[in-house]
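Notes to accompany the following structure.
Chain naming follows the written order as A, B, C and D, and within any one chain the residues start at number 1.
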Amino acid sequence: MLNKVTESAAQAMSNITDGATILIGGFGLAGQPAELIDALIERNARDLTIVSNNAGNGETGLALLLKSGCVRKIICSFPRQHDSYIFDDLYRAGKIELEVVPQGTLAARMQAGGSGLGAIYTPTAYGTLLAEGKETRTIDGIDYVLEYPIKADFALIKAFQGDRWGNLTYRKAARNFGPIMAAASKHTIAQVSEVVDLGVLDPEHIVTPGIFVHEVVHVGA
Amino acid sequence: MLNKVTESAAQAMSNITDGATILIGGFGLAGQPAELIDALIERNARDLTIVSNNAGNGETGLALLLKSGCVRKIICSFPRQHDSYIFDDLYRAGKIELEVVPQGTLAARMQAGGSGLGAIYTPTAYGTLLAEGKETRTIDGIDYVLEYPIKADFALIKAFQGDRWGNLTYRKAARNFGPIMAAASKHTIAQVSEVVDLGVLDPEHIVTPGIFVHEVVHVGA
Amino acid sequence: MNNYTPWSVDEIARYVAQDIQEGMYVNLGIGQPTKVADFLPDDKDIFLHSENGVLGMGPEPTVGEEDGDLINAGKQYITLLKGGSYFHHGDSFTMIRGGHIDLCVLGAFEVAENGDIANWFLGRPKDIPAVGGAMDLAVGAKKVYVMMDHVNRNGAPKIVEKLKLPITGKKCVNRIYTDLAVIDVTDQGLKVRKMVDGLTFTELQTKTGAKLIDNTQSI
Amino acid sequence: MNNYTPWSVDEIARYVAQDIQEGMYVNLGIGQPTKVADFLPDDKDIFLHSENGVLGMGPEPTVGEEDGDLINAGKQYITLLKGGSYFHHGDSFTMIRGGHIDLCVLGAFEVAENGDIANWFLGRPKDIPAVGGAMDLAVGAKKVYVMMDHVNRNGAPKIVEKLKLPITGKKCVNRIYTDLAVIDVTDQGLKVRKMVDGLTFTELQTKTGAKLIDNTQSI
């Protein structure tokens, strides 16, 4: 009997080592896997590359992870936001590397990574500084930039319900990057508000099938 | 008040003209929009390019459309199957053009079309006859073939429930190509077994949001 | 002394809202454009899209009804209309990049007469780049409308012949709504559709860094 | 007279099934490979994937319980296990091409010693090419096992040094299950893991179009 439910967030972090690339779900605070991030900070693996839409705000979650000094580089679309002073200070002090990627390109690169494509031509950012130095091509009269997949060692995401096969549902706009991050990483850890018995999730309503999920951690709702 | 529900399949076909490219949903008979295909045959637009996984079997649906002589070219992954004699005869008589595309590449090309990508590098078919004459590239030690998007004028798909905003759900494995065809065409016509009031479909369970759907046709279940 | 009163943000938002037809799928950028939602007609079905996976955004929730899982791209609490839906970021940007969004309304620092836009990066050494979905919207939406002040804080024109700021989207703007005028970006040049009462075309031209064409009579 | 009896399709299927571990995501190709499902252990969670958007396929439905919307890639009626799920073709081939499927079992016309496969097109002038998902599986699954007769109807070897038929997948096969033997495709060559009782290695070699290595002792 296969059971992907892991006892604790701490245990789920045990395979994460120095130098790992980790996708972290969430858009602002919605869908941010706060408890998994706390456990990752505890884990204290160093030299991490983090891929997430934002770079954290305030003194919790992603921001705290950056503050912990574990992160060498962050790939995101929108680092500067309300209360993102931890990132801002690290960046201005040259203590963290930043790769800014348009939000749709971030999503498309993860989807390319998850689906085994080698590269994609996207029209986004053509002719701007985010395309500088990148290969371009005109196809049917439209200009495109060549972008490469994002694949990661781990994904930490937040879902709503999960079962022992790793099937997941999400809640409202907290879904955001969860499903595509799950597919783009070798080892996906999902924190869920509820663990349900196999068969409770309607096969028509499962958003992320268990094939993309390796560990499910129950956290207080 | 916007209402995408169209009175009849015949009426939904009224914009389809000679030379159109049409995506037709279904995998075998599951998800094949039989009533819409019948109406398309009635419409008698000529010189069509059809994109569908199969090339029909027996004397119904897609097979009948081919028999009607309306189709100049078919793009599919698996034309030859049990009882596909209508296609087989047309093909051997040189009366229909065939472009065979690996099933996953067919899906990926539609997804590229629907999402505005200019081209994708896929590993599928590299080094085989289906990649002959195509551009290739080695990325990180893996060989890829360059494939271009499939975009269409129309998509005819079969869904389960639909509402007046065009939101759709599907039934079991009849989902197959429906959602990605809806996104890859300029004008998507969905036949549904049930038209439901706005708000009946749970926003978490809508598989194809109405933005990808232009007409909804109710057919007898 | 001015013999005219610039339009307020609410007034500009109302003009934008008037140009949105029933059935359109619309993305309103962060900041001023968000205001447009307040002026959309109640009796028409217009679909507001948010990059973070929401279609069919409704009005702000009432106090106490806020849900941390239901926010817009600006991270403000929102509601969902009956008939709305949730989806992941991949699908959300399929909608944007794939040309399924009819209209997006963006803020901007500068717009050039050919439709180039500079709207999220000033390019100063200490600036932290933060693009979000702005570039995907600029490239992907069928129409791009810009909503901004006509001149900057120093009185310099924000509508220019060529961008002085770093370009963030090429030839993508279709129409500009400022506190002084509504201007179409066309192959023939910048055509003024409408001006604030009391403002002359000549005055408007002096506040604009590119040649304008007076088209107010033919609208 | 042979002093051995070739394995039946059921026996081959049983050997394949024995090599599938709990927790694996498996795609069984159309034809012989479909049989493998019958020999999977009931007490282990093994997930069968079907290209047309199904994960967690269960056994055949009982008569009268067939559902036209619930079929596998071979268009046969199936059932869904508790915990199974449905998804669209894009997601289904993300699973395949993205390397999420642990194992696929395919039929084949020929396999070369370097793992090249010819498995859906004979290349005769009148043949209608019909690839389906075969090429995506060959390229995308973590492991590719082939299940086929050891020789063709004319007695000619189907395991060869170089393919005579058109190649349909490059260097993708990891193991071959025939009615006579189980053979690993390795960088060092074709290593025989197991043979039918009564068959000698020398006899097996004569029925094989590429050099074999006897590895039966070390398995």
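The working rule: contacts are C-beta pairs under 8 Å (C-beta built on N, C-alpha and C of every residue); 3 or more make two chains touch, one makes a residue touch a chain.
The UniProt protein names, listed by chain, are A, B = 3-oxoacid CoA-transferase subunit A; C, D = 3-oxoacid CoA-transferase subunit B.
Keep in mind it's a predicted model, so treat the numbers as computed, not measured.
*Asks:* So which chains are sitting against chain B and chain D at once?
*Replies:* For chain B paired with chain D, the chains in contact with each are A, in label order.
*Asks:* Could you quickly compare B-C and A-C and let me know which has more C-beta contacts?
*Replies:* Looking at B-C and A-C side by side, A-C shows more C-beta contacts.
*Asks:* Averaging over Cα atoms per chain, report the distance between chain A and chain D in Å.
*Replies:* Between these chains, centre-to-centre, one finds 35 Å.
*Asks:* Could you state the distance in Å from the CA-based centre of chain A to that of chain B?
*Replies:* Between these chains, centre-to-centre, one finds 32 Å.
*Asks:* Quick one: chain A and chain C, Cα centre-to-centre, how many Å?
*Replies:* 29
*Asks:* Name the residues of chain B that each touch 2 or more other chains.
*Replies:* 108, 111, 115-117, 122-123, 170-172, 203-204 - these are the residues of chain B that touch more than one other chain.
*Asks:* Return the residues of chain D touching two or more other chains; collapse runs of consecutive numbers into ranges.
*Replies:* Only 80, 86-87, 90, 93, 97, 139-140 qualify.
*Asks:* Please categorise the chain-chain contact pattern as a line, ring, star, complete graph or other.
*Replies:* other
*Asks:* Would you mind giving me the full set of chain pairs in touch?
*Replies:* A-B, A-C, A-D, B-C, B-D
*Asks:* Would you tell me which residues of chain B are touching chain D in their complex?
*Replies:* Interface residues on chain B, with respect to chain D: 27-31, 53, 77-82, 87-88, 91-92, 98, 100-108, 110-111, 122-130, 143, 170-180, 207.
*Asks:* Any idea which chain A residues touch chain B in the complex?
*Replies:* Answer in residue numbers: 108, 112, 115-123, 137, 139-140, 142, 144, 148, 169-172, 202-205.
*Asks:* Quick check: in the complex, which residue numbers of chain A touch chain D?
*Replies:* Going through chain A, the ones touching chain D are 1-2, 111, 113-117, 163-165, 167, 183, 198-199, 201, 203-204, 206, 209-212.
*Asks:* For the complex, which residues does chain C have touching chain B?
*Replies:* For this pair, the touching residues of chain C are 22-23, 25, 43-45, 47, 49, 55-56, 80, 82-87, 90-91, 93-95, 97-101, 139-140.
*Asks:* Which of the residues in chain D come into contact with chain B in the complex?
*Replies:* Per the stated touch rule, the residues are 50-54, 67-71, 75, 80, 86-90, 92-93, 96-97, 121, 123, 126, 128-136, 139-140, 166-170.
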